[in-house]
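What follows are several structures.
In the two assemblies presented below, chain A is common to both, partnered first by chain B and then by chain C.
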Partner chain A sequence: MNRILKYISILSLPIFILLIFFLALERENQYTTKNLVGKKIQDFELKSLNQENFINQESLIGNNYTLINFWASWCAPCREENSALIKIKNQLGLKILGINFKDKKNHAKNFLKDYGNPYYTIGIDKDGTTSVNFGVFGIPESILIDKNFIILKKFIGPIEEEDFMEIKNIINK
Partner chain B sequence: MKNFLLQLFFLLFVNNALLCMEKNDQELKIFKNLRCLICQGQSVADSNSDFAQTIKLVVKDKLKDGKSENEIYDFLVSKYGEWIVYKPQMNKTNFILWASPYLILISGLILFFYLMRKRHK
Partner chain C sequence: MLSNIGNLLIFFTVVTSLLVIFKSSKLILSSANSISKNIYQLSILQSTFSIMSFVVLVIGFVISDFSLITVFQNSHTTKPLIYKISGTWGNHEGSLLLWINVLTIFSYLFLVFSKKFNNEFRLGTIITQNFLLLGFLAFLLFNSNPFSYIFPVPLEGLGLNPILQDPALAIHPPLLYVGFVGSSIYFSAAISSLFTNFGGKQFALSIKPWVIISWVFQTLGILVGSIWAYYELGWGGFWFWDPVENASLMPWFVMTALMHSLIVLEKRGTLYNWVVIMCLTTFTLTVTGTFLVRSGILNSVHTFANDPSRGLFILMFLSVMILFSIITFLKKFKLQNYLIETQSKETLILLNNWIMIFFLATILIGTVYPIFTEVLINSKISVGPPFYNTILIPVVIPILFLMAVAPRVGWIKAKFSISYYSLLVVLFALLINFLIQKAFKSYSWYSNLIIISSIFLIIYTLIDLFRGNFKKDLNNRLSRIISHLGFGLLIFFIGINHTLTIEKDFNLKVGETKNFLNYQIKFKSLDLEEKKNYKAVVGNFEILNKMKKKSEKLTPEIRIYDRPETITYEASIKSNISHDLYLTMSNIQRTEFYNIKFQEKPFMIWIWVSVILIALGGITKVFRNESNT
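So, the complex of A and B:
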């Protein structure tokens, strides 16, 4: 009995340390989007860029799929991304809701004049707090949702060719 | 009368200052437990990045709305995952990490008393 106890006490420490290492390795140590995929987007209400009306979930009713894109005129990757968004709009016919993030209204309007407007409607998130409801931590970011407002995919960084193909595959399923 | 008004003013002033300090302490405590996701090893409290500033605003708004500290953590974890909090809340995956110090202490005490009893015999 004494011997068994001795072995147990000697072995328990390395087992415990290994277990801790194993659990620590399993733990997520960076931001992932897996928490959001499959969840419904939270209710939101934003002033539109032209200040004429408010944009909320009702603005998305009728779209089979919607791409919500977070952008700003001061964001260099957003300029790169703009042509890809225009391609998505023209070739896939996907409705893109733009959320202008912490930007100045006239700068945003100039950006759209210079680079083209891929959005069917644009909301302003002046202080960035609404974007937190979408799990945004930097821009550009995009969220593809279905007609039930369920998040299908979140794109961190500018939309690129492979993302275009992925969106195409999802909406053509 | 003048003295009374002066004392009342002073009392209100101190009371307001204390309330303000308490509120700031709670905000700071929450900011310190939140990781700035775009910074290198900095908390939201330490960072002045765009992300940290937005999160600070969200926390302040939630506190104003009467949300508790845990409700704020739950909300942010639901959006950004467990990685956003420095001190994760207990759940089934990390239960063993939370419970192990107590389990080790209890088993150590059992072993200690067992050996002591045996030595006396």
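So, the complex of A and C:
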């Protein structure tokens, strides 16, 4: 009996770990956009970059569509993307919520000063948790949501000319 | 054609493997007192078949035979020859075949070089080794066959990921695989030793060279990977705590622990059970690492495509290995009397082992934690450098002191005391640290502690070199001195490098100049170059150090590869003995500006040299062992 107990106690940890590995294999790879599209965004609350207040879902109320863009001053493609975002803001009148990912406040502000500010409001995601909850796994990424906060489309990498057209088609439907 | 030859050779390898197991088992059962020639012949035949199958695959890559799926997916006719060849092991299937090659070659070498040990133990090792081999061969044949045929034959291949088209990456996997697969020998030896009751000093001697060889290759493999990350990934860092890097570091810690506890087993005949656990753990961790990397359950910069069926196979193999090892160990476990005095070298070596296990546990937890949270509470997290740095760095300080003092403590029964001599070395280390900080005008108490303790180790080890009868017993100490000195220097230079790196990020267009600190950076011109497999935008920069009145030309590149279509940013690096100048540029679309990242990284080259020294210690040990026998 003692011997069996000894075996069980020693084997239980490796078996538990192996079991977790097996379960991990079974899981769907969640890093695909198709899982996110059609779902409602998760609740969030972030400190604002330019003001003292917090921004959350309430900041999105009243927008027919919102583009949530995840960016950082240290990210080179974000620089490329900036002008496209400004074009979206100016030509489509789309509200863009910026989520500043793992960045320094003054770096982010300098970035906007240098390249222009396409966002109507910006939240600071200092440790990146909120962005990860949004399903982000690289910077830049963007999510287009409707007035019910349902995700319509996810863009991985910088927004480009074709994406501009696609966004235009979606919001003009 | 190549597909058939390749498959046939793999089939022959399987057959010889089965024959080796059959013949060896028969010999053990008949209690024969020598190993028949047959087994040697089969073993060399097995190595020959597997090497030939690998050569066939290399030929497939060289002549761009796209009827092989692996070649089609990972090569292209316009690729330079060297990368066609290195492309053979730059993908999952080919690297598995390389792994199998190392496994068969090591089995044969073990058979040849272990003649003075017990035959039953040797045969047991070979049998276990062949079971492992069969597992990997089954994986290759049923899941990841590099000789799979594709019809109709495509005219052109998809190309190799450009960041893998690199000389360092050509030698990085083979080095690591020798390290990884080398650890299979002492896994098999440990299993065999449990079954054949072959323990004690003889067991330690039988596996010692293999532990050291795999450790040396593992060290060098990690080094080359780091150098590659340093110049290729374009961030100026060389270690990112990426899951794949962790997978190579985890076995390294156990190998290091094992190497030290083996000394105790050899000299004092104790710690046998612990040594066996270490032997089993090393290879288990190697396979665990392989599983984590290749199943795709962790995201990483490494490019093995994700395939759950692959993961499932390795995981089943791993499960069998772990459960079999633990059950065998528990069944054969014999309680040993540990007569170890608290104040002795044995205690300090055990302390070293526990610190290594602490490092291992930290990295293992950091690496698999995201998997656990995702499965158990459905939350995605990533564990990054802050976690590792916070937990590991404080423990580096005691290990540095331990590495300095422990070698001078006597076996069996010693007396610990704080000598004036040690205090003097500490004072001297403090002084050097003070001068360094004074000269560079930078201060952080944390890195100061690291630098002081590493200087302590360096001085202590250097004194050790000239201690006692210099010529007579230097031979015994030399390898340890070189490795410990290398480690002291490594931590010292990392500390200095970390504290004193200068980094500047700015935007420039052609013709502009940027001034900061002592530097003036001039963006002189842009060139367009057309190479065989990519186009490059080359920036010509002049970096002027105003204080030293010395200028350097740096030429970072933006490369546009067409197959597969990828843009890579190539850093331009000027190394000299005091520092590296590191420059990368990236384009900002729709503007004339380029984003420039400049770094001055002190003593970079010495970080690499220190790691080479660590490995060199191991190499001298192998040769010394050889010349002694």
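Quick notes on this structure:
Basically, the second predicted complex is superposed on the first by the 141 of 173 C-alpha atoms of A that agree within 3 Å, B and C clash if a C-alpha of one lies under 4 Å from a C-alpha of the other, contacts with A are read in each partner's own complex, and residues count from 1 in each chain.
Basically, contacts are C-beta pairs under 8 Å (C-beta built on N, C-alpha and C of every residue); 3 or more make two chains touch, one makes a residue touch a chain.
The model shown is predicted, which means the values in this text are computed figures rather than measured ones.
Of the two partner chains placed by the overlay, neither chain B nor chain C lies in contact with A:Asn110.
Applying the stated contact rule after C-alpha superposition, one finds that A:Val132 touches each of chain B and chain C. Applying the stated contact rule after C-alpha superposition, one finds that A:Gln91 touches neither chain B nor chain C. In the superposition on chain A, A:Asn64 contacts neither chain B nor chain C. Once the two complexes are overlaid on the shared chain, A:Ile20 sits against chain B and chain C alike.
By the touch criterion defined above, A:Leu5 reaches chain B but does not reach chain C. When the shared chain is aligned, chain C comes close enough to touch A:Ala76, but chain B does not.
Within chain A, the residues touched by chain B in the first complex and by chain C in the second are 20, 23, 27, 29-31, 128-129, 132-133, 137. Interface residues of chain A facing chain B in the complex, by the touch rule stated above, are 2, 5, 9, 12, 16, 19-20, 23, 26-32, 34-36, 39, 102, 127-129, 131-135, 137-138. Within the complex formed with chain A, the residues of chain B that make contact are 37-38, 50-51, 53-55, 57-58, 61, 76-84, 93-94, 96-97, 100, 104, 107, 111, 114, 118.
Chain A makes touch with chain C in their complex at residues 6-7, 10-11, 14-15, 17-18, 20-25, 27, 29-31, 74, 76, 79-80, 83, 114, 128-129, 132-133, 137.
Those residues of chain C that touch chain A in the complex are listed here as 291, 295-297, 299, 306, 308, 311-312, 315, 318-319, 322-323, 326-327, 330, 368, 371-372, 374-376, 380-382, 505, 507, 586-590, 595.
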